[in-house]
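Next come two complexes built around subunit A: one with subunit B, the other with subunit C.
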Partner chain A sequence: MKLKTLSAFALTSVMALTGAAAWAEDTIKIGVSYPTPTHAWAAGMNWHAEQAEKRLEALYPDIDLVLINSPDPSAQASALEDLVSVHQIDALVVLPFESEPLTDPVLNVKKSGALITVVDRGLSQPGIEDIYVAGNNPELGRVSAVYMKGRLKDGDNIVVLRGIPTIIDNERFDAFMAEIEGSGINVLDHKHANWNRDDGFEVMQDFLSRFPDIDAVWAQDDDIAIGVVAALKQAGRDGDGMFVVGGAGMKETIKGIMEGNELVPVDVLYPPSMIATAMDVTVAAFKSNGPVAGRYILGATLITQENAASFYFPDSPF
Partner chain B sequence: MKLKTLSAFALTSVMALTGAAAWAEDTIKIGVSYPTPTHAWAAGMNWHAEQAEKRLEALYPDIDLVLINSPDPSAQASALEDLVSVHQIDALVVLPFESEPLTDPVLNVKKSGALITVVDRGLSQPGIEDIYVAGNNPELGRVSAVYMKGRLKDGDNIVVLRGIPTIIDNERFDAFMAEIEGSGINVLDHKHANWNRDDGFEVMQDFLSRFPDIDAVWAQDDDIAIGVVAALKQAGRDGDGMFVVGGAGMKETIKGIMEGNELVPVDVLYPPSMIATAMDVTVAAFKSNGPVAGRYILGATLITQENAASFYFPDSPF
Partner chain C sequence: MSAVTTDYEKTAKRLSFDLKTAGPAVALVILCVIGFLLNPAFLSEGNITNLLTRSAFIGIIAVGATFVITAGGIDLSVGSMAAAIAGVMIITMNAAIDTMGSGVATVLLGCGVSILLGIGAGWVNGALTTKGKIEAFIVTLGTMGIYRSLVTYFADGGTLSLNFDIRGTYRPVYYDSFLGLPIPVWVFIVVAILGWLLLNRTAFGRYCTAIGSNEAVAKYSAIKVDRIKTMTYVIQGFCVSLATIIYVPRLGSASSSTGVLWELEAIAAVIIGGTVLKGGYGRIGGTILGALILTTIGNILNFTDMISNYLNGTMQGLIIIVAVFLQRGDWGKSRKSED
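The block that comes next holds the complex of A and B.
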């Protein structure tokens, strides 16, 4: 037994030393930079980034993920500088606050030799990032319209609430309208509700006062949808098979779908958890024999009562 | 010591039992189906699939990858049936032999409830796969042309060898020609060499007999490039800064780039290791908090002497 004990001890010591040496020399540092969470979607992103950090560091002892959130574009630019000079990162996962002011700072990180993964919002200059991970805005519009067409018939009426006037909103709206065209469904009106509950409530009140017969609402976004539902209930017009389609994958919305909510029966995915996907593929650059550089455009999955459970994260703030 | 010995034994037993129970109930089975390797690229794919299998099963004890290669489309269709009925897979990674005859068989796997990842070649019907992983054919052509433009000047002459007449070849060729347009580089002629060494040799012999002044060759593919290089050397026209650009990422080509081969100084990636990327993202569907459904289009990375080492797999057959 003595020999065995000694052997076991020796083995442990060697492993400890090897481990320490490996850490000092071979730790792979990956910076993850994104805006400070000031609204629910961003809070969800922060939560999912932290979950992915725990999961990936537990899986790979030599991976060190450094998460930093920044309150504005210039703070994010400084954070990127620190990730290079202080942390000497091997790779960066970045969700830029805005495209223009972050393009040069990210280019500087690339010049340091780090692998670059950009999430959700592109930079102003093409070709900087090695990997691009994003949701699919046209597909979000198209999938929403396909669901409408499956539920409604020729001559039925819908109203559309749009987001903040941006390329993202245009892509969603144009794809929705293209898919609806020729279906016989009437789009009574569309107005911007700015991805916001209060604006959703106000715009929907206006629609309700002007249109006595509305069969469904495309709210495009879960926050807008909450305002729409409040307006429908206040006006007592939430019956007769009326339904609302939002978008994103808010946990309260998904819980409702799981429970069979008829007013908001589905959702279309545009999830803050895409930051975790970006972290996964960035880690794979150091761990997999498969290539990772490229464009990974996530699907706008229709969330129904059947599949809702796999998109429900009860502990996430979103 | 007696107590400790007993404890250690007891612990081992419990772990063994837990392990067995977990295996029986919770093992995630993922089928990986692809054509029997009959040429080098496919042999490389088979090798990379086996590497990914070992790596992922070591990382996740509850993941079981079942690799099956099939000699023809109908054998692949049968293999897919077995993966459902015998192996009861939770997910499928499939590189279809041909699009048309495999579309219904893959649809049947989807109907069993399995997650579907399609690699490289699309199915005939859209919307069956949850995840699509593929190379970027237009980008392969564009990146090759950008390199040509960087090396050549107004008035220089090139010849182009094309692949088998297919959509893939058209996408590569059209993007190459669009990028070359307006550069002042003359494309003397283009002919199909069918991704094949012998055809590459013959087509290049013809070009050499007809054109006394050729500055560079776009061979599009590493196998064609081998035939082109043989023809150039036989004719003694491999000097004066002449260079050849192939494509795919064959290990002999990459080794040459690492060693500073001036005749074939770069390569453009279209790697068989993409099967490993597809296996990674499919496993992530069961392990990550990030979404995975979507389209992952890998970049056509330019391989130069600087980055060649990270694309060199000396033990791969390709």
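The block that comes next holds the complex of A and C.
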């Protein structure tokens, strides 16, 4: 504890000297903190954050964005401390690893006077963030169900592959089932495929052995959908108007939609680029003449052949 | 006095032997009956082929794990190793497309890379354990983390995908059949037979058992303990590379979520099959049954909606414990031989 205080003191004094120069230029420093990407969606987010950094810094010479990713919640908490003490940020854009352990660290950043933008995952205490940007999980389920209802008729059968058992998965699933209810479409069964291609493949194989008549599949996620499509092709049941609805907006899936893929004709957006939206809004808080604080819930847009091009980023890893 | 005890132990062992051998088989048969009762489609040809093909990955890896565990070691790195090898295979094949085209040669190159990497990675695990004198648990825990993060790095956090043209050439390795059985199942069968011969009919197999029972005694009996132990890890690595070679054509992709928890499934298959975790006794036949049991559990759970999805792990855990209890269960007669 003593050592920590001492080093913090030493650090502050050094900062006071070197920081004086930076202050004079009057740059606006914005810290951007998110988990180290370990899966494709997060890698896409990382890519979009880097793109937004380049674009915004080119647009506003006095804006300095500092991107930091952390491999676990406690590392992210330390990264937030560093953003305040070393970089003396004016605003923070944060996608918390987990809500609970990061609520206090973000609160501490707020106490330093910085503007707080929270992305995707809320904090466990209300009122900390000035700006909130997130995708819409229930809407993703609802939009998927609306599309299913448009394509299927009374008495048709579907199966559902779910993600990892979490609140996100429950929100999507419950909204989907609520929208499907009363439509006459039978949901034969639902199993967890953990947002994973291999699990999607195996669960779908078993559904195909178990149910001789399936008309469509809600895979909820583009990775699961890839496994589902492989299983359908293996069993030779990819024809007869069979279709699969995934979700998220993976570039390969969107490319397929642009090319008119009949098996995966649409996708429902849950965009990793939401981090870029959050960075834009945060910069706007310093640059816009309009008010900016508030909650931004992004739409779960249905991506079809007509609008697919505007969601296609061939250079992104996702 | 001691002669009498040995005789007693021998009879005790003979009595319990039947149950020990039959344990996993009985468990598998019971599972299949349950599956059939839940849904007759369980025994359809399509489902049986799916089950066998799916078991091939874990099964092949578990054959290698049987050697490692019999010789008193453990390898936690196999799942990550499979993911890293799959990643490098895909990168190599994609890169070779310009010079070698998208034909069989490129696929063979990928397979060659896989085998070299598997053997190399196994040798590293073995050498660090024997020459480096670090516990196998720590060595392979370390390499597990290394391989897992390497595949994440290669894929830039995302997913590595095999070029579409090569996929066409490579696809039959997973999806095609020979004499009615899918090719992965044939690979599984060949690996199982070779593994059984190696463990039960060669000096190498006896050395593995001897080292696992008592390493010091094995050393004094002029067994080259370090070399044999390293060889078990090399065999394990080779098995992982074979499993990867039949895994990659399935979906043509590798990511950080590839092969997650395969190490635990492989170890579970080995132990369910009757091999002793602390070494000294190994059974390839049991391992095969163990792998089949594990896949069947998952399959059956997908065939019913009677059990909440959230309780899948509970069912798996219960069945694994019951299966091991069936064969280890102290049925009164073998108690004294356990000490």
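To be clear about the criterion, the second predicted complex is superposed on the first by the 293 of 318 C-alpha atoms of A that agree within 3 Å, B and C clash if a C-alpha of one lies under 4 Å from a C-alpha of the other, contacts with A are read in each partner's own complex, and residues count from 1 in each chain.
Rule of thumb we're sticking to: a contact is a pair of C-beta atoms (placed from the backbone, for glycine too) under 8 Å apart; a residue touches a chain by one contact, two chains touch by 3 or more.
Keep in mind that this is a model prediction, so the values were computed, not measured.
S.K.: Scan A:Ser209 for contacts with subunit B and subunit C and give back first, second, both or neither.
M.R.: second
S.K.: For A:Ala219, is the partner it touches subunit B (first), subunit C (second), both, or none of the two (neither)?
M.R.: A:Ala219 sits against neither subunit B nor subunit C.
S.K.: Touching A:Leu59 in the superposition: subunit B (first), subunit C (second), both, neither?
M.R.: So A:Leu59 only meets subunit B here.
S.K.: Between subunit B and subunit C, whom does A:Met274 touch in the aligned arrangement: first, second, both, or neither?
M.R.: It touches subunit B, and subunit C stays clear.
S.K.: For A:Ile254 in the superposed arrangement: first (subunit B), second (subunit C), both or neither?
M.R.: neither
S.K.: Let me test your reading of the model: by the given contact rule, A:Ala42 touches which partner, first (subunit B), second (subunit C), both or neither?
M.R.: A:Ala42 contacts subunit C only, not subunit B.
S.K.: Considering only touches as defined above, state whether A:Val159 meets subunit B (first), subunit C (second), both or neither.
M.R.: Once the two structures are laid over each other on A, A:Val159 reaches no partner at all.
S.K.: Which of the residues in subunit B end up touching subunit A in this complex?
M.R.: Of all residues in subunit B, those touching subunit A are 1, 48, 51-52, 55, 59, 130, 136, 269, 271, 273-281, 284, 287-299, 301, 311, 313.
S.K.: Contact residues on subunit A for subunit C in the complex?
M.R.: Result: residues 36-40, 42-44, 46, 162, 165, 189-192, 196-198, 201-203, 205-210, 223, 226-227, 230, 234-235, 252, 317-318 of subunit A touch subunit C.
S.K.: Which bits of subunit C are touching subunit A when the two form their complex?
M.R.: Subunit C reaches subunit A through residues 39, 41-42, 44, 46-47, 50, 54, 152, 155-159, 161, 175, 250-251, 253, 255-258, 298-299, 302-303, 305, 309-310, 312.
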